[in-house]
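The structures come next, written out as structure tokens.
The following pair of complexes shares a single chain, chain A, combined with chain B in the former and chain C in the latter.
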Partner chain A sequence: MSATGLATAHSVVAPSSRSRKIAATLVILYAVISMVPLAWIFMTSFKTPPDSISYPPKIVFQPSLEGYCNLFTTRSRQTPEYIASLPPPAGVCDEVVRQRNMVIAGPSNYVPRFLNSLIIAFGSTFCAVALGTLAAYAFSRFKVPLADDLMFFILSTRFMPPIAVAIPIYLMYRELGLSDTKLGMIVLYTAVNVSLAVWLLKGFIDEIPREYEEAAMIDGYTRLQAFWKVVLPQATTGIAATAIFCLIFAWNEYAFALMLTSDTARTAPPSIATMLGRGGIEWSAIAAGSLGFLIPVVIVAFALRNYLLRGVTFGAIRQ
Partner chain B sequence: MFVRAGVRTPTHNNCDNRAACGVMTEVRTDPTIAERVAASTPEPLARRVRGLSDRAIAWAFIGPTVGLLLAINIFPLLWTVYLSFTNYRANRPNEEILWIGTRNYERVLTDPDIWAAMQATAHFVVWTIVLQTVLGFGLAWLIDRKFRGSAFWTTIILIPMMLSSAVVGNFWKFLYQPQIGLFNYVVSFFTGIDPSSFDMIGSVTLAPWAIVIVDTWMWTPYVMLICLAGLRSIPDYIYEAAEVDRASPWRQFWSITLPMALPFIMLAVLFRGIENFKMFDLVVQLTGGGPGSITELTSINLKREAFEKWRTGYSSALAVILFVAVFGLANIYVKALNRVKQR
Partner chain C sequence: MATIELKQVAKKFGNNWAVKPMDLTIADGEFVCLLGPSGCGKTTTLRMISGLEAVTEGAILLDRRDVTWRHPSDRDIAFVFQFYALYPHMSVRENIAFPLQAEGEKKENIDKRVAEVVDLLRIGHLLKARPSKLSGGDQQRVALARALVRRPAAFLMDEPLGALDAELRETMRAEIKQLHLAQHATTVYVTHDQVEAMAMSDRIVVMSAAEVQQIGSPAQVYYDPANLFVARFIGSPGMNLLKGRIDGERVQVSGAGNTVPIPASYRSALATTGGDVVAGFRPEAAAISGNGGSMGGEIYAVDMHGSYKLLHVSVGEGEGASIVHIRSDRMAPYTIGSPVRFDIDPDMVRFFDPKSERALGRGIASPAARNDSKREVGQ
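== the complex of A and B ==
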């Protein structure tokens, strides 16, 4: 970036410093405005429930952990006399909850759902990337009959609306006993992600010179050894980038999770929305839950920024 | 080496000169790298691996992926097609399945609810594409000035598109609340309209725009990213030549920038078109298809028919129609994609 910037600095097409300043102002303005909703999630998660629904919306407020306490626990209402008779509170949440005349009844289902999301996302990503790497290598290096048609077939499965196949998958899983199981969801997400993995990884493997493997094979490696010991180490970056894209998809997926899971395999996205407290929606708890769910993706997005374009266009455009 | 050679070539053990003997055996039996690699692989495995032709490896590598896709995508799709010709209801599995021909398709295509859903989808798709293309291309064009810190701000702008659309939809529902919501408050701050006088989600006229706004917030970065790649692919010398010919900046934009970035813009538009045609998560969480069925897009309608009314045969017919439409779009997409790649 900086190198090209220097190279064009003296060319006739370099933008003037004034137009650059205007551009910078507008872009930064857009970036800041587009971050407001996320900043609002962050702020709301630290508000008390009354603060989170106050009018006008409070920008300055006393931060509180109540949203997080409500996110991780279920509570029951008790009489003030009963609460006064309890031993002193054991932790921050205990204290916060008692101020509302409630006691902690038990853990909420946020952590199990979050764990489900983690297991299903990582499991399906591993499978999709493993399958995708093999297929991408074959497409990249061998003359596969009907290769273009097969690649298009693989891509086209990605364009299928999830709802269009959800009915038979629901029936199929019901027959096989896979409905509402983590295994079923891992298999399903693997199938959805493998198309992305094949397309991205084919691009990455195409970029590794064939000469490396050919040299290794002249030295006596078999094709499989060359693949394992020469190509795979070279493709590590591409595999990692692909894995992160698959991970983000599986992490964010909602439609299948909503229709095919109910409890044991339910992931976080459908459950965050249904977190309801007593007497209304607890926005501060929902904000806390959303934040915990979104933050990992934001961090990953930063790590991935150089591959983003490739990832979102199925490797069609490379920078 | 000597010992191994001696063991391997027992006919050479009757020589007097050990050195000469050693040289001879070494020339004869020094294993090549190939043999050493082969020796380090267990025997049965080595035999099997050596026996594999490239063709066999290719199929062994591609097979699992294709098999999985056939099982999880194509088989269910064929099943959907089959169900679309029957009166099957998934909540009554023991009832007899009757073949009713194309009656489901006739019902779908004459159902006013479906046409209302199609209309809502069209409104959503067209407006999101228009807004996202204009904003996304504009942003890319500005970022292409390469001001200081542009890389950092670009990354910031890209964050919304990585997020879970269901969670985003759910949270925007909060921002859209009349009175307590931030969106209404900001609008009233700048325009003076009473923030409780309008309800983005509850109002029949505003709800279709509420979903357009959130989708635009989320996916403008996507269009921007692709447009930016398009703008950066235009070589500087073309602008330099235009500059020499004294083409005005206006002329340069219409004759160079826009035509050369067009395939990229098209790619972004088609991709957003396909994605928004099957839009589900965001809108379900944001409006749930309401108020009434004003924002009930085709996918939401389908989900309701299939998993709430359990009209499996009917909804399968709708799914097939939806799939054919998306598949048609996908075909165009791949053609455009290939054209972009050829440049």
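== the complex of A and C ==
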């Protein structure tokens, strides 16, 4: 640009190219910093146990599947003579394990606990979003007596951390036979999430003009049909966003899971944590387990990204 | 097609009347406008007919069938919203087919009827588009198609042209009128635009402050208003209304030298008043008359309307002073501040009681007021 400032036509309100560069740099820097722990976990999961605790940490190392083998199996130590007497190893893990003078005793409980996590997290998310959508619609459209007080009451369930009521819930669950059941965990996470769902979704549904439902009712549909065919499709953005929040909470929840589950309903987070301290800390197995634990949330967020990013469409109604 | 009857229908929100008890009978195939300023209860009335709003009192009969407590979905009526309310997640075709799917029509029947209505409105090229991609006029055509496709007993329209710009509004007004003539469908049309109401309706229901002010043909509400509100509200500008005293065969208005004639047919109707009266006449009832003329004043402003000029004339002084609007030739060289004198056509003068604000001797119809057909009355 020349000294007179007349060289190029440019907008005076749009951000200048310099400020845009600064912004881009900051965003990239933040992204890199956020990615470091993930990269660390990824690398650790492919290290051998000695490499995983070496100091300084090795950036370049010989990759190994030992972490994954340890994650999915239980093993027992044997004498070298016994191992030598065995037939040739049946698979990669067999071979890796034998190098440490061990044999595979059976599968670990990582897979069933991962499945528990999936069932409980998705089940509770579905319930919370379904209940939340219906409640939000009712608050948005009908004259609910004491609506404001009820909304405040719903919000007030989030005023303290849920774990603050851990003891009463523990006692209740023991009496009701809900301890260590998947149903119990789904109910609990639904109860925690439903307040968030109602509040988030009420905002989204308030934004959908009533004329759509009225038009649908005139067109020959009941209110429930109108809700299903006209309101829900337009609330997908809000429902997707709410579902992700609920899913992340239920998926990551640790304290209740540790306290209320032991075996049949134990979820992945406390399970991964208890890999600590069984004959030394198996960092590479923990890293492998954590990495697997990230996958479902990443997949869901990726699948819903279009709904999350798409602006709310009010195409046919001029505001 | 069907008749619509409102019997003492009223609506209260809390303690406030949104619509005071009203009676209205709409004939089969009639086009009725509910006209009034915003907040007068016209939209609430329409929503009560549709069933979207519950009545507080009264009964609504559709084709002599009491539908007061029926759900909107089984009243067999169509509703066109001001902002169209086209479902944004459906294509134009899906929007139009939506009411037929509710009836459980067979697919080939749906296709046939959609094709018919799409032909009628000439929107065949839009079928695959999403409503948000359409222009305002096309969105309104799709909304009309969705209403027409069901062949409902009656059409209810809530300011359907309100969101369009002026030029498009004229086009769509003609299209709706054409559709009504072709379909001969009973239609209730809500608008705050009196030009629209005059142009389209068989009858106009003028509403204000939750009350029906007058029900009549466009010519009746224009030439023979029931009260001062209607006289002011209909026409742009509204009727000139001047307070005065009866003095023999004329009404003395706005100070000395200004009089309005009393036609012979009105004399007995006016005899019962104490002498105070409001005289009203339309701008086109005045004829500018050189130096003679029963009224006169000073030109205060001149509006060019293209085919004519509208003069704002300041008449009288002091308490009786008022601005009178009169029409003049578009070529007339009137300048602000110059004096003007005019006569008033006795057939076009109307009288009102200043206390009750009601018209006096209404129905002593002038030739114009007897001319009720909408096909002949311009606005």
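What we mean here is this: the second predicted complex is superposed on the first by the 261 of 319 C-alpha atoms of A that agree within 3 Å, B and C clash if a C-alpha of one lies under 4 Å from a C-alpha of the other, contacts with A are read in each partner's own complex, and residues count from 1 in each chain.
The criterion applied here is as follows: a residue touches a chain if its C-beta (ideal position, glycine included) is under 8 Å from a C-beta of that chain, and two chains touch if they have at least 3 such contacts.
Every value quoted in this text rests on a predicted model; they were computed, and no experiment measured them.
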item	value
Touched partner set for A:Gly220, first chain B, second chain C, both or neither	both
Chain B versus chain C as contact partner of A:Tyr212, first or second or both or neither	second
Which superposed partner A:Met102 touches (first chain B, second chain C, both, neither)	neither
Residue contacts on chain A - larger count, chain B or chain C	B
Partner chain(s) touched by A:Trp251 [first = chain B, second = chain C, both, neither]	first
First (chain B), second (chain C), both or neither touched by A:Ile120	neither
Partner chain in contact with A:Ala285 - chain B first, chain C second, else both or neither	neither
Chain A positions touched by chain B in one structure and by chain C in the second	219-222, 225, 313-314, 316-317
Of chain A, residues touching chain B in the complex	1, 4-5, 8, 11-13, 15, 19-21, 23-24, 26-28, 30-31, 34-38, 40-41, 44, 52-57, 131-132, 134-135, 137-139, 142, 144, 150, 152-157, 159-172, 187-188, 190-191, 194-195, 198, 219-225, 248, 251-252, 254-255, 258-259, 269-270, 272-273, 281, 283, 286-287, 290, 293-294, 297-298, 300-302, 305, 308-309, 312-314, 316-317, 319
Residues of chain A defined as touching chain C within the complex	209, 211-212, 214-222, 225, 230, 233-234, 313-318
Residue ranges of chain B in contact with chain A within the complex	32-38, 49-50, 52, 54-55, 57-62, 64-66, 68-69, 71-77, 79-80, 83, 90, 139, 142-143, 145-151, 153-167, 170-172, 174-175, 177, 179-182, 185, 195, 217, 220-222, 225-226, 229, 232, 236, 239-240, 243-244, 264, 267, 271, 274, 277-278, 280-281, 284-285, 299, 302-303, 306-307, 312, 315-316, 319-320, 322-323, 326-327, 329-330, 333-334, 337, 340-341
Residues on chain C engaged by chain A in the complex (per definition of touch)	50-52, 71-74, 77-79, 81, 83-89, 98-99, 102-103, 130-133, 136, 139, 146, 150, 163
